[in-house]
Amino acid sequence: MRVIEEGKAEFLKVDPDGYRTHVRDHKPHRMVSKLMSHKDAVERFIRDGDYLAYDCNYFQRGPSSLIREIIRQNRKNLWLCGKFTYVACALLVEGGCADRIDIGFIGFGPWISRAVREGKCKIYEYSNALMTLRLKAGAMGLPFLPARSFGGTDGFERSACKLVEDPYTKQPVLLVPALNPDAAIIHVHQADEFGNARVFGTGITHQECALASKRVIVSAEEIVSTDEFRRDPARTSIPHFAVDAVVHAPFGAFPGTVQGYYASDPQGVVEAMGALYRGDFREYLKKHVYSVASHEEYLDKVVGAAKMIEMRRRETIREGYVS
Amino acid sequence: MRVIEEGKAEFLKVDPDGYRTHVRDHKPHRMVSKLMSHKDAVERFIRDGDYLAYDCNYFQRGPSSLIREIIRQNRKNLWLCGKFTYVACALLVEGGCADRIDIGFIGFGPWISRAVREGKCKIYEYSNALMTLRLKAGAMGLPFLPARSFGGTDGFERSACKLVEDPYTKQPVLLVPALNPDAAIIHVHQADEFGNARVFGTGITHQECALASKRVIVSAEEIVSTDEFRRDPARTSIPHFAVDAVVHAPFGAFPGTVQGYYASDPQGVVEAMGALYRGDFREYLKKHVYSVASHEEYLDKVVGAAKMIEMRRRETIREGYVS
Amino acid sequence: MSTPAEQFSEREFVICQIARLVEDQYIYWVGGGGEPLNSVLLAKRMTAPNLQYLTEDGVIGPEALVPFDPLMTMISSRANYRALQWGTMNYAADLAHLGYVDYGILNTLQVDRFGNVNSTVVGKYAGGEGRRFGGPGGADSIAALAWRTILITDQQKRKFVDRVDFISSPGFLDGPGARERHGLPPNTGPWRVYTPWARFGYDKNCQLTLEAIAPYVSVDQVLGEMSFKPVLAATVEVMEAPTDEELLILRTEIDVGGQVTDRGRWVELKDGKYQFAQQ
Amino acid sequence: MSTPAEQFSEREFVICQIARLVEDQYIYWVGGGGEPLNSVLLAKRMTAPNLQYLTEDGVIGPEALVPFDPLMTMISSRANYRALQWGTMNYAADLAHLGYVDYGILNTLQVDRFGNVNSTVVGKYAGGEGRRFGGPGGADSIAALAWRTILITDQQKRKFVDRVDFISSPGFLDGPGARERHGLPPNTGPWRVYTPWARFGYDKNCQLTLEAIAPYVSVDQVLGEMSFKPVLAATVEVMEAPTDEELLILRTEIDVGGQVTDRGRWVELKDGKYQFAQQ
C-alpha cells in the first residue's frame, strides 16, 4: 500500500493504543454521578494546551455556555476542531484561549486574517466532513479511515491526510488520521446524572466526539432519570462511560437554538456575528463572558426571563424531539 | 503503507466506483411505490450466482419468509454472508441454492462437514464483526476499513484481509475489503410503500446491508404511511432510495422472534435445529418450503392462527418498540 | 401567471434559472441557505413536489418551513421539518460517497476555468498575507462526491478567475483525469456555473464554455467581467426571464423578507427589452 | 444461606467461580447465553448489581429477564430488556476497539496452552477432512479486543490441547509479542481458563499455569485430562464450593429449567469431602 503523496501539516498524534489505555484507566466504566457546575467541569476537565472539540456550534445546539466558561477561566493554547462553526473559534482565539485550528469551516472576518498574519493562530486545512471522519476514526478506535474527497486540493498539503494506493483496487484513495481530542464539550437535550445522553434531531458528530475524546463534558437542557433511558434505549446517543462530567445547562446553547426546545435569539445571533464582521470582540466578551461569574448569573442578568420565554414560544415544532 | 501479509481467499470484487455507478443508474432515487409479493420480489431481485446478505437470522428478526421463497424459487449458486446465523445457511445450501459462504458464525452440524468434504460448498473465513465491518465499508462507499482483530488467526490466510503497516503509527493493522452484496434481504418492524424502514431494538447490520447492497428487498411486519416516518425521522433505519422492493410479511421471521412484536415459536426453533443436528433437512424443507406456494399459505396452513396468537401473547415487552 | 416578469433582481434570476433544472427523480445536496436552498425550494413548489435534498447535518428529504431565523439553515426544527430521516454529517458524507447525490449546488466565493472553488484565502496563503475566509466547509465533499455540481458565483473579474488563489474544493483541478489521479470518484465534477449574467458548461476537455446569457446583458459584457476568455458555445442562447409565478412564490413563500434575493442589481422590462434599472 | 452447598453440578461450579470474579466497575462482553452470561447474571444478583455487560448485537447494560426461549439470547426483548443503549454489532466492536471492554467471557470448543481458541474445525482443515464447526462468531473480536479474556472449556484431553487444530480466535498465538506483531492491541489476551476441575492463569511467558483445582479432584486428575503439562503454580489452591445462596439464585432466577447447568457430572459432599456422585 504505497503512499503516493502526503500532507505536511502538524497534527495531533495518532495513538489508538494510548487512547485504549486512557479509556481503561481513566474513563468511568462504573456508573457514578457526574453532575457538577460549569465551573467545576471546566476546571477539572479542560486544560491549557488541550486539543478541544465542541459539537455543533455557538448558534446551533452547541455548548455555548461551556465555551463562555472556558474563556472565563482563561484557558490557554487550545487547539480547536473548527468544523461547521461560525463564531466559537473567533471567541476562543480572541478570548486568548486558542492558538491552533484544524479548519473545516469557521466564521471568517478580520479576526482570522489578523490572527494568522500576526502568528497568533496556526491553521491546518481540512473540510467539515473530513474533520467529522477523523473523529469517527477516533471513535472507532482505529488509526485512520479512507475517504474519497479532498485529494488534489491545496488544502491537502496543509493537512495530515495521505493519498495512498488502495491495495484492493490499486486506485489512489485518501486517508485521514484519527482524531482523539484531549477534551470535548457537547450540548444535548437530555442527560442523566451518569452521563447517558440524548440528542434529538439531526447532528454533526455528538456521538463520535464523545467516544473519541479523552475528557468529555456533556451539558444538558434537562437532567432526566436513568429509567428514562432504559425505557427507550434506542434513543441513547451517548453512553455514560464516555462522559466525565454532566452539567445542567438550561438555555446552554444561547443565543443559539436547541431544536424542539427553543428557537435561536436572532438579536443575540446578530450581535455575535456583528462582532465577527467588525473583528472586535472586546465588547461582546465583556458583556457575555466577563460581566458574570456563571451561566446561572448570565441567564438572570444578561439573557433575562422574557427572552427565554420568547425563545421557547417561538419554537413551535415538537414533533420528533421527544422520546 | 507496506502490505505485511495477506489472505489468499477468493472474495467478491471490491469496486466502489462500480457500486456508485449502480446507485446512480439503478437505485430508485425518486419515491416510487415498491410494494410487491414475496414471489415477485425474489423473482425480480434475487438472481442465480448472487452474493446474498441477509440481516439477523432465521430465528431473530430475520427475513425467514424471504429465505423460504428463495428456496422455493430454486435459486442457484448463491454466495452467502454467513454471519450471526444458525440455520439459514444450512437451509440455503441443503436446498441447493448456495455453494459459497463467507463465515462469521453458522449453525454447524453434519451438513456443513459433508458439504465441504463433497465440495458442494466453499468456505471463506472471517468473524461476525469482520463481516459486519466489511458491510460497513461497503455502506460508506469505501474500498476497505481497518480493524484490530483477526490478525494471527488461521482464518486470516483463508480470508481476503490484509495486514498492512499503518502509515501513521507504523504499527501493523488489519484491513478488511469492502463488501457490496448483489442482493440483501432484511426484515423490519415497519416500512412504507417506498421502502423507508424502521427497525426497533438492537440489530446486526440492517442499515449497512441496505446501503451496501445493489438490490435490496425489505420485508416488513407492518406497512405504515410515510407521514409516520416524517413524524419521527430519527427512527428511520433505512432510507427508501436504498430499497428496491417492499414486501408485507406479517410473521415474516417465523419461527423466530420480532422483538416487541412477537416471541419466537420454541417448537419451530427446535424443529429447525433438530434438522441441523441430524443433518437432514428434507422433511423440514418439504413441510416449511415446498408444501406451500406462498408465505400467506404458509401462515394459514403450516403455522396457523393459534400459534400466531400465542406468539404475540408471549411477547409481553413493548417498551422501546414503538415510535 | 407564467408570463415573463417585468421586474426582478439578478439573484432572483439565478435562483429561477437553477430551479428550472431541478427534477423530482434526483437527490440534491445543497449548501445550507442562500441561492442553492432557495432554488430547490422553488422547484419543489413549482415543478418537483417530491424532490429530495439533503444538507450537511444529515437531514434527508425535509419539508422545510421557510423563512428561517438568521443562520438557522441546519440543525433547526424549521429547516429539518418532516424529514424522511435525520442523520449526522458523517451519514451525509456516506450517502455522497455511495453515489446517491445526483447534484450538488454550491455558492462560491471565487471559481476558476476548471471549476475549482476557493473559499479559503484570496491572495497569498503563506504568511497570512492574503485575506482569509472560512474554508471549504461542506463544499469539498459536495464538489468531490456529487455526480454533478452546479456552481453559483458573481459575474466579477475578481471572483471569476483563470486560476483560483487556493483550491478549497475540487473542480477539474488542472484538467482531464486529474480528479481520478487524486482519488476522487470518476465521472464527477462541475457541470454548470451560473452567474447573474450567464450560464456556463464544460466541454470534454473540461474547459469552461459560455452557453447562455441573461436577457439583459450581451456576450461582450459577460466576457468583460471575466479575467479569462471561456470557450464560446456554437450558439450562445439567451435565458428566459423569471415568470411572475416563480417570483410570486419566491418572494411570498421562500425568500420572505428578501434575505437572499435583496442583493445585486435590479432588472426591468423597458420598451420590450430587459435592462438594468436606474437606481 | 452462604454455607457451602452439599450438591451441585460441574457447570454450576464453574459459573459460581467466574461470578465471584465479576465486579461492578468493569464492563463485560459475554458470549450470548451459556456459562458466560449466567456468570454475570449471577454476579449481578449476588455482589455486582450495577455490573454492565454487552453482547454482540450492541446491547449495552441490559437488565435481562431470564430465562430466555431457546437460542433467544440476543435480538430479543427479554435479553435486551431495559438496556442503557441499543446499538448494532459494529457498535459493539467499536466499543471493544476503544478499550471499553474490560473483560470478555467465552465458552470454547477447543483451547490450547497459549489460550488460542478453535471453533472452526477439529482435525485437518484442508479438503474438509476435519469436523467443521461454526466459526469464531463474536469470539474473535472479544479475544482480540477485550483487555482480559476469561475462557471456559471442559476438562478433556481432546478439548484442552497443546496446539489447537485451527486458531479461530487469538490467544497468545505462539507466545510473547505475537499478538502485537499481528496488529492486535497490546496488553490484551487470555487471562484465566476455567474448567469444571480447575482454574488456570498465565505466566509472563504466556505459559498456561495451573493455579487452583476444584475440591472434588486432585492435581493429578486434572493433569490426566490434559494433552500437555501446564506450569504448576508454587501453591495450587483449592477453589471453594458454590454456596447454597449462589445455587438457589442460579437455579431459581437464572438457569431456571437447567438449560445451561443440567449437564456434566454431579458433585456431592460425603463424609466431609466433595466427590462425584454415583449415577
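Chains: A, B, C and D, in written order; residue numbering restarts at 1 for each.
Going forward, a contact is a pair of C-beta atoms (placed from the backbone, for glycine too) under 8 Å apart; a residue touches a chain by one contact, two chains touch by 3 or more.
Keep in mind that this is a model prediction, so the values were computed, not measured.
Looking at chain B and chain D, the chains in contact with each of them are A. Chain A and chain D have centres, each the mean of its CA atoms, that are 41 Å apart. Centre-to-centre spacing of chain C and chain D amounts to 60 Å, using the average Cα coordinate of each chain. Distance between chain A and chain B, defined via averaged C-alpha coordinates, is recorded as 37 Å. Counting partner chains per residue, chain D shows two or more touched chains at residues 59, 80, 82-83, 86, 97, 185. Across the assembly, chain B contributes residues 16-17, 141-142, 147-148, 171, 173, 201, 231, 233-234, 319-320 that each touch 2 or more other chains. The touch graph of these protein chains has some other shape, matching none of line, ring, star or complete.
Contact between chains, per the stated criterion, is found for A-B, A-C, A-D, B-C, B-D. Chain A meets chain C in the complex at residues 56, 59-61, 82-84, 86, 103-108, 112-113, 116-119, 123, 125-130, 132-133, 136, 147-156, 158, 163, 171-174, 201-208, 257, 259-260, 263-264, 266, 269-270, 273, 315, 317, 319-321.
Residues 16-17, 19-24, 27, 29-31, 139-142, 196, 211, 226, 229-231, 233-234, 236, 239-241 of chain B are the ones touching chain C in the complex. Those residues of chain B whose C-beta lies close enough to touch chain A in the complex are 1-3, 6, 14-17, 141-148, 162, 164-169, 171, 173, 175, 177-178, 200-201, 231-235, 319-320. Across the complex, chain A is touched by residues 56-59, 65, 69-72, 74-78, 80-83, 86-90, 92-93, 97, 120, 125, 127-141, 143-145, 166-170, 173, 178-185 of chain C.
Of all the residues in chain C, the ones that touch chain B in their complex are 24-27, 50, 52, 59-60, 63, 80, 82-86, 94-100, 102, 147, 185-187.
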